[in-house]
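What follows is a pair of complexes built around chain A, which joins chain B in one and chain C in the other.
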Partner chain A sequence: METLLAILIDGLVYASWLFIVAAGLTLVYGVMKILNMAHGSLYAIGAYSAASLVGWYFGSGHPPWGSFALFIGGAVIAGMVTGLIIERGVLRRMYGRDEVVMILVTYGVLLILEDVTKLLWGVDAYFAYQPYGMIGRVRFSDLTFAGYDLTLIAVAGLVGFALWYALNRTRQGKLLRAVIHDREISLAMGINVTRIFIVTFIIGSALGALAGGLTAPALSVAPGIGIEIIILAFAVVVIGGLGSVGGAAIGALLVGICRALAVHTYPQFELFIIYGVMAAVLAVRPQGLFVIARARKI
Partner chain B sequence: MGSDRTPIFLCAALLLLLVVGLFIPNWLVFLFTISMAKGLVVLGLILLMRTGLVSFGQGLYYCLGGYIVGISGQHWGITDVALVFLLVVLAATLLSSILGLLLCRYREIFFAMLTMAFSMILYGILVKSEKLGSTDGFIIAQATLFGWQPEVEASGTWIFALAVIITLVALLVMHLYFRSPMGFGGEAIRENEIRVEYLGVSPRRLIYIKYVVAAVLAAFGGAITAVAAGHVDPEMAFWATSGEFVFIALLGGTLHVAAPLVGAFLIEIIRTIALDLAPYTWQMILGGSLLLIIFFLPKGLWSLLPKRREEEGL
Partner chain C sequence: MAGRKNVRNYSPVQLATASIVCLLTAALCLGHPPSVRADEGTYKLGLVTFLSGAAAGPFGVPARNAAELIIEAINAGTLPSPYDSKGLAGMTIESTIIDEAGGGTKQVGEFRNLVQRRNVDAVIGYISSGDCLAIAPVAEELRALTIFFDCGTPRIFEDNDYKYVFRTGPTSTMDNVAAARYILELKPNLKSVSGMNQNYAWGFDSWNDFKWAMGVLKPDVDIKTEQFPKLGAGQYGSEISAVMVSRAEVIHSSFWGGDMEGLVLQGAARGLFDNSQGIFTCGETAMFRLSDQIPEGTIIGGRGPFGVFAPASPLNDWFRKSYMDRFGTPPTYPSYKMAQAILGLKAAVDKAAAAKNGKPNKEEIAAALKGLEFQAPSGVVRMSLGKGHQAVQEMVYGQFTKKNGKPEIYNVRRYPAECVNPPDGVKSEDWIKNSLKQTSCN
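Then we have the complex of A and B:
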């Protein structure tokens, strides 16, 4: 019973974090048809910005609760700025190419950003543990969980709700959905597709960086975290169906729970199970679990 | 089509390389060997890319080849290169003919994603298996050939010679293949798959065969790398390794069988220099050149060479 609860909570925490990363990735794919590998770097940039801001903030002795606003805000802003630079500097020149070519383009961007983070922040690990301890711990029967992790679940719920609301209940969201359905017709109807692209990419980047910023207090920030996370995020969006935010949530839950199950029962299957689920979903329903298949066009 | 002089050029170039190999320092011999190993993997990859499919998971077979060499030496006591390489080919054929059944139905990013998922599964298994050294991998037993045990100092040279011979055979076979109806079929699929179907050719069958061939080539590459480096680790199956192969393929382009070899050699030499001079900008150089190639030279460096008219279509 307790193991079950632990699996459930751990799985939820992991899923929330995965969802925030994957939501940005899937949104960008849905609108722009770019499977953005550089999303991993945006995550890393968010994490590094947050870690160094936390280090500076606590080093200069300000009231501790203000750190949350600072490091989360800092990560998001860093992500938005980097996103804007990537979109205007590189992607803009490559629109209209094959989807596979776009993966390679973003792979190039990922490689460049990996070294940029190394040049800016060095190769030593950063620790920003202070905010993690501030929320305290929560007890469930005999188990205790870090309050920070549980807050993460709420944040993921909030992000999911905000995305759903923005896409389904606002004018801008409607424009965005029009572009998702048919880019050319939207253009013909007078929608400023270029602007939609920029805004989408910035939001996607901000989400990636937000996830990075939120995890910075929970683990050590070291080179290579972006490369590790991107493949996990791919697994999540592929399971749920590329381009579907709801699918990303379900994919994240599935991966999160499966991983927690493996960690608590057979830890040697931790990585295997994530990619096993991904391959199984691709094998059975390549378009993702919750996306309706379309007939191929001639 | 005119007289085809490519096989003669290939033989001459690689024999020259073999002779040169006797006079150059050991590190350069090693570098050539690794470039050839990676070139073989990429040769298989361009076979798929000519069909319009990009595999982000060639690391699966690269790693498989390496680990088969390692396991047969350490655990089964088989160090004979001929026998081990036979095992490698068998294993790669077996695995790819199973996975190929599924993969030949996939196109575009789904193909890329599924190949990546398969190679990450192997990575996930290897990282967690302590018997095989988890993330550290393990050392490979000294290789022998038909009962002959070369001296340790000379091992670099004879593995190099072995790599040259395998590469030469692979290049010649693939060159013939590219010019066969089946080889041209790949490009037809890339251009318009449905028309190929209407012509009575099964794209799935073609892709299946190409996938298996690419897998065997990648496994050879992995096996040579393992023998030459004397060590294997799970990084060989990590997606970044597969990404590097895709990078080399784009660098050289898919126009010629020798392009992967040239691309792999360029990468290795630049890496050696860059890691020495500017270790933190090496990936930046890679990424930047990747973008420049996609933007200005979508057909790879090979397209810079002046070409004869009959090769235009290739």
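Then we have the complex of A and C:
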């Protein structure tokens, strides 16, 4: 029973973290048809920004609870600014190119951003652990969880709800969905596709940085943290279907629960299970779980 | 007489000048003994350590800093005895540093570049056991003198014989055999352990050595769970829960670098070590960086007598003070091990040069390093395993505490090299399973 509870909670925590990262990635792909390899770098920038701000905040002796607003806000702003620079500086010159070319372009951006983070923050690790212990612990029988980790589940739920609401219940969301369905027709109908692209990329970038910022207190923030996460995020969006936010949520849940199941029952399968799930889904539904196969336009 | 027109007439002054120049050149070329020519030479040294990735902060950069400090001191001749002579047998060290990040395949390419394009005389490097396993056969193929300074897998010299490859740091066997000995001295009635180690050569070797040693020294100890998260995974929530559910009395981990720091942060926040005794075989690198997070009483090791475990000596005092003055933080074990590798090379080059009275070649240096006993800030290093290619040293463990806000170690126990390392020619696994029980540390 205890193991079952542990699997459920561990799976949910891991899924929440994965979902926040993958949501931005899949949103950008859905609207712009860009598989953004630099998303991991945005995650890293969010983590570094948060860690720097936490370090400064606690070093200055401010009231501890204020740090949450600062590091989360700081990470999101850093993500938005970086996203705007990438979109205006690089991507807009590349629109209309083949999706494979865009992968190479964003891969180039990733390499540049990796060096930019090293230039700005150096190679030494940063710690932002103070907020991690502030929410306390929650005890279930002999199992103790960090309150911070459980809060992540709520944050992921909020992010998911906000995205669903924005896409389905607002005028901007409807315009965005129109662009997702057909960029050319949307343009012909007078939708400002360029503006939609900018806003979408900034939101996607902010989500990546938010995930990094939220993770920073539990980690040693060091160069390369963005590379590891991007591989997992790709697995999640591929399982759910590229471009589907709902799919990303289900993909993250599947990966999270299956991984926790493996860790608690057959730890030697932990590495394999994520890609095993992905391979199994793709064998049955090559387009992912939540994307309807469509005829290609010629 | 027709040819006479082609003969140029020189004035006596021109002839005299030419003669003086020739004589001076001849004197410069022939007049100095070979050792003086070596003085004017340089020794090209390739250094490989993590400059990016999670291992850079706790491992790569401290190792690079130590290399910088030691090489400058060697070149200037300002090291304490027995290294107070200038350079490597008089040769100035000219170093090139390469980032170890990127995995074994990339490192093999970088190694070939160092040896074949940059023509380095020797390579010192490698923190990752996976990289060491990949580099060793290539180094042998290229006949490149190579010294591993940090990686720990014992398989390098247990499974192969090398002529040009050396390791001046001890293997992971002694970390884990000593860990088992220490924990059993601390908890003689121990009933259960769990392990959390990284999913690659280092993690498996470390856990197996610990598990085998425990199985021999106290066969009734129950192994509750064995977790092997991916290297660099970052998030260990599920693994921590699995270990918590196992309710083991002791948690063994050979995590290092950012992974170890992440585990300490996440484990401490969840109270993982409240009811279980943690033992981190590589914990020493975090004791200053995460002194507020490491739980009181955690057993930590430093992969040998390094860092806070290093015995006092003029060389160690100089190293600690110079490092602190320059980098503002005490040197941790990667710094010690890098310094040790460079000093091992200096000892070998000086020895080979003294025997030859000139600049030695790599074969002569390798022969000098083989089986060498030399001094390092961590004490005496004996190249006595792997047919003289692998170092052994004593192993030290202690428990972490904070006194007046400063991190310290108490309950320190030193294990002589002979009781935590196999004899030469015997594989770690065979020695642990067949002879460890009969090997005394007293």
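We take it that the second predicted complex is superposed on the first by the 294 of 298 C-alpha atoms of A that agree within 3 Å, B and C clash if a C-alpha of one lies under 4 Å from a C-alpha of the other, contacts with A are read in each partner's own complex, and residues count from 1 in each chain.
Everything below uses one rule, namely that a residue touches a chain if its C-beta (ideal position, glycine included) is under 8 Å from a C-beta of that chain, and two chains touch if they have at least 3 such contacts.
This is a predicted model, so every value here is computed, not measured.
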{"item": "Clash or fit (per the criteria above) of chain B with chain C on chain A", "value": "clash"}
{"item": "Touched partner set for A:13, first chain B, second chain C, both or neither", "value": "second"}
{"item": "First, second, both or neither for A:238, with chain B first and chain C second", "value": "first"}
{"item": "Which superposed partner A:51 touches (first chain B, second chain C, both, neither)", "value": "neither"}
{"item": "First (chain B), second (chain C), both or neither touched by A:254", "value": "neither"}
{"item": "First (chain B), second (chain C), both or neither touched by A:2", "value": "second"}
{"item": "Which superposed partner A:107 touches (first chain B, second chain C, both, neither)", "value": "first"}
{"item": "Chain B versus chain C as contact partner of A:271, first or second or both or neither", "value": "both"}
{"item": "Chain B versus chain C as contact partner of A:118, first or second or both or neither", "value": "both"}
{"item": "Which superposed partner A:21 touches (first chain B, second chain C, both, neither)", "value": "neither"}
{"item": "From 61-69, 79-87 or 223-231, the chain B stretch with C-alpha clashes against chain C", "value": "223-231"}
{"item": "Interface residues of chain A shared between complexes with chain B and chain C", "value": "114, 118, 123, 267-268, 270-271"}
{"item": "In the complex with chain B, residue positions of chain A that touch it", "value": "35, 90, 93-94, 97-101, 103-105, 107-116, 118-119, 123, 227, 231, 234-235, 238, 242, 267-276, 278-279, 282-283, 286, 298"}
{"item": "Chain A residues within the chain C interface of the complex", "value": "2-3, 6-7, 9-11, 13-14, 17, 114, 118, 123-125, 127, 129, 132-133, 137, 142-146, 148-149, 215, 217-220, 222-225, 228-229, 259-260, 263-264, 267-268, 270-271"}
{"item": "Interface residues, chain B side, partner chain A - complex", "value": "54, 56, 102, 106, 108-110, 112-114, 116-118, 120-121, 123-125, 127-129, 194, 239-240, 243, 246-247, 250, 280-284, 286-288, 290-291, 294-295, 298"}
{"item": "Residue numbers on chain C that touch chain A, as the complex places them", "value": "51-54, 56-58, 60-61, 101, 199, 225-230, 232-235, 237-239, 241-242, 244-245, 247, 257-258, 261-262, 265-266, 268-272, 289-290, 292-293"}
